[in-house]
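Each remark here refers to the structure printed beneath this line.
For reference, chains read A, B, C and D in written order, and residue numbers begin at 1 within each chain.
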């Protein structure tokens, strides 16, 4: 009998899957026959860490159409290509308090309220590089493949059906076009949109895609940088405020994982700097979100304290030891130092400094130094140097270097 | 010439104040004469860390009426007293995409969309303990004083003016009442509401109030627990999705600090587990938010990387050293360990464990152990013990103990 | 066995009552217990001609609360007292496409959309002469009594209940007040409004009230002038576009009788210059209109061709005979002459006039001469006189006199 | 010097034209260049009586594109071809309180609110016979030519421009299509719609078209029956409630002529049973109605008392003489007898009849007998006959015959 130390993580997934299975009810999307054929009992979940490890359970390999789960990723591509300013000239960033297929065009600006509803996603698609639907879709596909770390196929039957039943989406596109916020023809934008919705992914794929955002835009499995850190942050912010349609506010209260669902049964969720999650279960709740996906993510958040805004408890002091026997006295710093940690270090050392005591800050135990902390420490060193105070630093990992 | 190591933090504040001063335009609220008399050039900012240190600059002591900045804190009190379920029976959690004084009652449920708009805040006030307006207000005042850590006065002239010009708010209250979502009479709820809006605070006060939420509900200056961790988290979540009225989505993209503004010129913002900020500058922008307050917070977020969703860079490994010369071999862990860190530790040690190598995990360098990490480590220890594997832990701070 | 020549009219009423009885379904208003006690089988109808004759059948004497049937009559009083310009500064004239209790305040102007919805009727009440609710209500009551031609009592139990359950109406009043369109305090306007809604009337009363509008503002039974012709016309116009809530457009297509319904079961309808109708039957349809009242009025309109816009068939010529044997030749005019009749007379006589033939227009057979016809004839006489043509008129009833 | 007895009518037109010229302001439609080129000073007016006489002045022959003035006439054609029930399955009859290009789809039914807004008119066009846009347009063109009494050309440049700039209309069509209320493809409906809007008409043409509705569906100039009386009545009713966009209610109060305007500068108005009016003046007011057209129609209505709901004054008695010297005594009736006149005759004769006096009703002086009056008289004759009373009628024009 051998041990498997990864079992606790698998156990975590198994627990949430079990939680999901308990949930009855919800209906598989049926506006096109292809979706109606989905297996209502299929259920999978995968988690991908920002270091690239994947844990998964259930039907995590089953392919389904990505549908609206594509929206944040295509938004990220549009942001990467056109920039935040240009994108927000065409589409807003505000939750609309309305359902996914709401008309939701801002009367004053003609912009769809946000890129997570259909109208906004069609506009986002129109901003993607390429003149034809084929060109735009090729760019989108390559981009989503980079997020997923593998090649993705299109479900042609679903695409054809969406194309046939897509009158409401065409209406939204024409409204945007007439308001001057669609950056291509209606046919180009909607075809690119319908096709991206029909891309086939698994729960594992969307876990990796979400983990790519969690890792600041770099795919943690392939190592490829897909979008910039700023784009990953903006995209995650949009998911946090608009990702779960007209239940987004309650979602942030109860679950606290920026997320995006699709009528194909998938949900992508992430905890920045930690992991991405993909869930798959076709039956949808009243808001059009995967009912079991929602339940599993809520269980995961609650049982493992994974809420974005979770208070992490009283931290240990960022100064692990203060060796006053030495000269200079040595302040051993530890852990992840962001603004508040750096602020505490400087505040605590200030009294000693005022007494003229020579101090060395030892960064060896620091795991991560945030930009605010770096800036504050560098300012402090300059300040000390200017005033002739003996403040030094031991920084074996070069954490204070500009480049980091 | 002596050094002051806190200067870098003051420098940070000075920089953002300077950024704020650059901004021209905006109008002081004028719907009541008392507000119109505010000094448009007044400008203050304060920052309070979750460890209770306060840094401040400019007119950070000037008192002004708290107005809508009270909303998240009164919501927190209502959540503490009535619970999330009861509160959400009366008021929603969804952004409405509409201005602060919008009618915004959900047609189906009769609930105001969220507690950050007037209609919702009046409902929140009606849920506070107490039968009369005086009783409810006394509870609110004590609560807000606990958040601020000092006694707060009411500006009677402002209160009287609000009372006189409050017809729209009365209309919102009657609508809620007729929909069955107001938990008191209209007069009781609106008077308690008008009075709380007229409480006098300074930028420093709201920094401490926000810091109390950032610290999980415990006032970091006085040490008093004001609300539970869950309540602090829920309240912060509502601020993140609804705090900046119909600009909340863009705010989370561009600034990323859960925040709440008031027409008195104040803005409260926070970064969970790190700090609260209070700004004060009376001129308001088109959305009714303090124009310079917004500018200062945006500058602070951008220049110091304080965005909630900021990618903090590639982390160092949570295993600082792996001492394979010893038996058991020692894995020295470091920094803040949350889900993803624990997950990496277990994944990396798994190969050794499979080979039957005895392992000690040394938690001495760990600054904080999140609930998910604790759960995963405890599960791993149980698992190892059950399968006869020699996995031990050195946990001098008792981080793995249930109580933590 | 004696004849009763009025039987055909009674027969007409009996036919529509029978039509009404056939209709099943609808629910008696139940938002206050007093209304819920109404007899669902009660059914009455009365018709009052502009000459003051009343025909009636069924429960035409049964009293019930007037409720919203009061709205056009109180509007008429407000128009009489304050004038059209002042009234429209406070309330619009546009149908809202929304239910009776909709908020329906025009965002730009703060005016309720129209005086036939609650918000508008409360504003109308605020415009009535009088400082207190008692004074305003006294004016309203006297006015409605003048319309009905008898004293009207208040159902105190209904009034008290409305007062208690009137939070939504108070909300509408506060909204109007905050927008500056309510001309009194909220309490004064809503109490005057609730009290007028509780006035007790019968189907016969509302027939006479409607007939007063049909007769141009003069009560055809008592002979009292209640409002001016212009006010009667404006009021009828508002009933035609907004009287049946969000079914007003279809009503004008299918029935074509300007009308107003109330939740007490009454409907007032009229055909200008002909008659007023009152119906009473408590069960309401989905729009809140008396289901059987609607059915009876529709039957009456369809079977007797009483649609306001009914084409009345090819008219006989307004020239009954043209006696060319006499000199001047005599053109005997007949019937009701309005613009088009006068226009035809002049056009037909023009050929003769051009030939220099002397002409006498004999008005003895003319039953009514509209203002346009009078103007055209007077202009023609002046024109003929000026050009030396021999055009004379025999006008025994003095129809061409200015005063008529 | 000769007389022209038609001068008073020309004078009337000249007066209103003068009134129109006084009005400054308004802007020629400019959303397509072709409309922007219209002469802002062009001004014409024509009036066509239900007997086919036309009076006109100013630029009454100038051609312009019919635009939305086509809407009631295409609605009439759809009603004639598909029936009221089928038409109302696809489009509502309710004013929306919103501008002409509002989205205004009823959420519950997916129907555009009414056929006078673009969305509704596109749906109406889809209901016209024909499979292709060309077929449908041919039917529409033939129909509008029948209304106008002459052949009408298309302004191809305007059509092409509308086609190019018609994205918002396409959006409305796709929304209707996705809601299942569009009866053809989007391209077919919108092309038929754009083409009908580009038909060239003069003020005289639309006067004749409106007169055709006023005459109950028969073109009074050509004598051709274009639509049935019921269809003419329904169409006029829709014009009365929805014809002037979001100013329709005020229009019925102030002017009282069912009307429809178009951005080409035309307005069609009518007074049922009397006349149709066409005005032409390109500058538009804020609601998109021809500013001078509106002013002229308001002046015409006010100065000539042409309001649909105008009280026509106390009528003479419908019994001109009661010759009691003869046996049977003779009651000479006169004028137009509708419900209320017949009701008065029977009520007044009843006393005599009860006394057993033989009575002859002489209809020679009656100009028109409405369906209600005919029914009441026939019922009275049957009643008298059954009870052995001697009631006879002299009816030289056969007014009581079923066919009339």
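Convention: contacts are C-beta pairs under 8 Å (C-beta built on N, C-alpha and C of every residue); 3 or more make two chains touch, one makes a residue touch a chain.
Remember, predicted model here, so these are calculated numbers, not experimental data.
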**Request:** Go through the assembly and pull out the chains touching chain C as well as chain D.
**Result:** none
**Item:** Same vs different contact residues, chain A with chain D, by half of numbers used
**Value:** same
**Complete:** CA centroids of chain A and chain B: separation to the nearest Å works out as 21
**Request:** Give, as an integer number of Å, the spacing between the C-alpha centres of chain C and chain A.
**Result:** 64
**Item:** Centre distance in Å when chain B and chain C are each reduced to the mean of their C-alpha atoms
**Value:** 60
**Fill in**
Check: chain D positions touching at least 2 other chains come out as none
**Item:** Each pair of chains that touches, named by its two labels
**Value:** A-B, A-D, B-C, C-D
**Asked** Which residues, counting only chain B, touch chain C once they are in their complex?
**Response** 103, 167-168, 170-175, 177-179, 186
**Complete:** Note: in the complex, chain B contacts chain A through residues 1-9, 11-12, 49-51, 53, 55, 84, 88, 92-98, 113-114, 215-217, 229, 232-234, 236-238, 240-242, 246-250, 252-253, 256, 258, 271-275, 303-313, 315-316, 318, 320, 334-336, 338-340, 343-344, 346-347, 349-350, 353-354, 356, 365-368, 370-372, 375-377, 379-380, 383-384, 387-389, 391, 397, 404
